[in-house]
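Read through the structures below before going on.
Look for chain A in each of the two complexes below; its partner is chain B in the first and chain C in the second.
Entry: the complex of A and B
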């Protein structure tokens, strides 16, 4: 007897919702122990609308086709020495930052979605999260494969996953995801599924992928395209999650709002590295960070929050502060990396005169007044043969773990500093936003693994910073780090290009 | 609520207790409106260190790279200890004048306004 072909609707039902079963002799609360402690109330999981509308068999088929095309392009890129087509060796440092700072987050997202894909008692949400989990695993793999070509020709790529777990500035993205993954499953979904994948993802991927396109990096552009249809599904899931929670019970509204406030703040702090990448690390600029923020957050995000207002959701707390900070953070971050260029796993440099003028034009209200003098000073020091690498180790924020480099928006010459006493011990924060997050859950953030304090406690080798960099972080000191001027990367690049 | 956790009474490990620093305490030093240094700096210091030693030995290590550093008049500097106005006593130890573990000491130099007068 020939097998009857199922219609799409039946196939979908059988391969998703029908995979669930009733618990007849076990207590469902024991099967799904994470579902209630956050205070979220779900009255009817059947109201969940599946955002992906994909079954596993069509998912495999669809992804396999994309992989085939993607790896054909990687092969061609490699065989044609694609690295020689990028704008110049400075660009590759943006790729290093992506591989060490962002790709491991894809892996953490894979782990996080696999976890929540087990913990929801609603089968629709479980299947959707499991699919996103597979996507994230695919993304980390394709990114590593795309960038492995650069590892053959440039320094600083060799220990990306080891570095992600240890290096001082990489504790920022790492702890962001650790925070989300150690929260309950609903907070994870608002943190990563909604705030990050839906509201802020365009500010991460569009700048990196357009940056790649503007700078001749076909490998990165290609994995970006290949991930795009996955990202669209992830955004749909993020939006479904928030609507579902808000429609299930009115008591969920203040909890969701609290999570939006927290994760929007944490997300924008994390995006500081993207801001710096756009304004300083791309030899061919795409647009300024300020403009990207206006397009992708103020316009697109503003419309989203207007839609959510009918559920009683308002704009994230401190959105006004961030609107002012868009004029400052990229300059503050690149200055921090420039002055800590001896301790970074990539190269740093003084912007060229043309770039300084571009920055003045993009930031007419702030650049010449607050930031150009820094570069004038750096140039002066460099001309004296005293390229400025700052001494000592910076104070870090207990929540975001970024050095306390942000300034007060009513006096941008003064660093913004907050502190809070909890059970007799003092904790420091870069902002009211980060301080609020600590106050809400101090028992979580007293555990922050702050790289500077860990070095002083003797947990990162040593005794000197040099040994921490070479032995604990596994940087090739004098090769991976320091200014791009005279670096092995630059020397090789000039040789390939026949530049004296 | 000190934490939202699966198990009631959950407590986190305090990673930066003073006992973890081998007899030192962490002290943060910040020079206000001198953004050549992106942030305040952290130092592990013995609580018994007199303030004079901090000025003489630690300040140059922290801020000596600044072109204005040599012109600092420590007598006219204005100080904040953990956000409160503070008059350091040169011969008294850090601990005995209220500088505790993870205290932040900030100072202003009214006559020095940074490179190009721009707060750098």
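Entry: the complex of A and C
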């Protein structure tokens, strides 16, 4: 008689139960030294369940299939000069920002999950973290492969990894992941597995990638959706992690809530850059940042927190501020990059009149009142040949490392600044959220590597900003950056398209 | 009541999966966006292997869903015969 084929529940049970072993002559606490110091109490690891019940054989089978599809499309894209099909040369700058700001995070996620996967004594959690770690490595590789095609035709792609570790605005995503990876394993899971994967990555990989498709970028939408097919599994893991922790012991609830408050605020700050990419950097618009935020944060996140209410978990702290910010942050961020366009690794521009009208329609309560007049002024300056670049270096928030570009949400004419005295030093913050995070763990955040402070301390070359940009950041100043108008990227694009 | 949702890549395989979802969940909302299809429904959504197989005219493993999946929201429960998304409020 032929052996009966195992169903997926049995296969998963065999993988995650029978392949583990008991420590009979070594102390388990020495084998898993980080499992207790955060105060999280686990009474029974066997309650861990992966609802997809994915086993390694299926994992390799489906991942291989995804890769084959993906690389066939990359080949077709480059063989058919796919870069000529994007909307215009401005669009490619969103891809540059993705490669320098986001792809290296995939690598950090790979390292982070490999680390925590080693630190959990429960085998179900270890298997899930191992798969996610492999996924994240796949993501960074596929993204670099996809974007290497653009590197042949456009400026600004050549030093993404070097820049990620140094450039002032790239320290925002970089420090976000460094913060998570230097936390304990359970905090890492709530930070990245739950807060980041479950709610926030959707905003990057779903509406933005749909936007890439709408702008003719077949390579980006394909790696984006291929990565996101793994993310759907990561999201499910994130939700299982939090339910598992909350069900294991009631003492875990306040610890988890504190991490949720911290990481949702950190995450929304990080997403400022995605807000700007969606509203300003996609020539063909799919939806506004505000609308994406309502669908993926307010609606999807709201449903999630209603589901978690039964454990005593409430909405993240500052949810009211976050709700107001959707009307403002994309405009405040793009204005900052526009005025610092000589120090960015990509091109900036004034939105076209048609785009300004679109923004007015999407943001009826705020755009005409606060932001359109700034762009009208920029247009006047540009017409006079006085395109504005600021000569100063921005003050950075000690926690999120974003320049102090945000305003008070109830008074958008007032910059938002907080400060706090710790051991005789005064530290500066962009918001109550970031200030409170500092107060919880000051000994961690006093060590922040703040790019502007580092420049002033002489740790980034110099003496002038020009040398920092060209020698320390390795930007080709005036080629990789400044305004798109008259840039080598635009000149080449017009030549390819036969436009004078 | 909250909505569960699932988004699939817009391609020939997903077309049959979406048809199957519509048959198994007659009041689900199907939204077409560039390169993707988003389906949402109050509280619960089910994808049944038998219905997908009927639409595709071939055998279909529920885990093949991973290939065309973009994102989802809700608690997942999957076995050999079906894939369920649900909020337990």
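The rule we apply is simple: the second predicted complex is superposed on the first by the 482 of 500 C-alpha atoms of A that agree within 3 Å, B and C clash if a C-alpha of one lies under 4 Å from a C-alpha of the other, contacts with A are read in each partner's own complex, and residues count from 1 in each chain.
The rule is simple: contacts are C-beta pairs under 8 Å (C-beta built on N, C-alpha and C of every residue); 3 or more make two chains touch, one makes a residue touch a chain.
Remember, it's a predicted structure, so these values are computed and weren't measured experimentally.
Asker: In the superposed arrangement, does A:231 touch chain B (first), chain C (second), both or neither?
Answerer: second
Asker: With both complexes overlaid on chain A, does A:47 touch chain B (first), chain C (second), both or neither?
Answerer: The answer is neither, since A:47 touches no partner chain.
Asker: Could you look at A:221 and tell me whether it touches chain B, chain C, both or neither (first, second, both, neither)?
Answerer: The answer is second: A:221 touches chain C but not chain B.
Asker: Under the stated touch criterion, which partner chain does A:324 make contact with: chain B (first), chain C (second), both, or neither?
Answerer: Touch partners of A:324: none, neither chain B nor chain C.
Asker: Under the stated touch criterion, which partner chain does A:450 make contact with: chain B (first), chain C (second), both, or neither?
Answerer: After superposing on A, A:450 lies in contact with chain B but is clear of chain C.
Asker: Kindly classify A:314 by the partners it touches after superposition: chain B alone (first), chain C alone (second), both, or neither?
Answerer: After superposition on chain A, A:314 lies in contact with neither partner.
Asker: Which partner does A:414 contact after superposing on A: first (chain B), second (chain C), both, neither?
Answerer: Touch partner of A:414: chain B, not chain C.
Asker: In the superposed model, does chain B or chain C contact more residues of chain A?
Answerer: The partner with more contacted residues on chain A is B.
Asker: Quick check on the complex: what are the chain A residues that touch chain C?
Answerer: 7-9, 51-54, 58, 62, 65-66, 69, 202, 205-206, 209-211, 213-214, 221, 225, 228-229, 231-233, 235-236, 239, 286, 299-300, 302-304, 306-307, 309-310
Asker: Can you list the residues on chain B that touch chain A in the complex?
Answerer: That would be residues 1-6, 10-17, 20-22, 24, 26, 28, 30, 32-33, 35-44, 61-62, 64-65, 67, 82-83, 100-104, 106, 114-116, 118-120 of chain B.
Asker: Quick check on the complex: what are the chain A residues that touch chain B?
Answerer: Residues 33-34, 37-39, 183-184, 187, 332, 335-336, 339-340, 369-370, 373-374, 376-377, 388, 390-396, 403-405, 407, 413-415, 417, 419, 425-428, 440-450, 452-454, 456-458.
Asker: Flag every residue of chain C that touches chain A in the complex, lowest number first.
Answerer: Result: residues 2-5, 7, 9, 33-36, 62-64, 66-80, 87-89 of chain C touch chain A.
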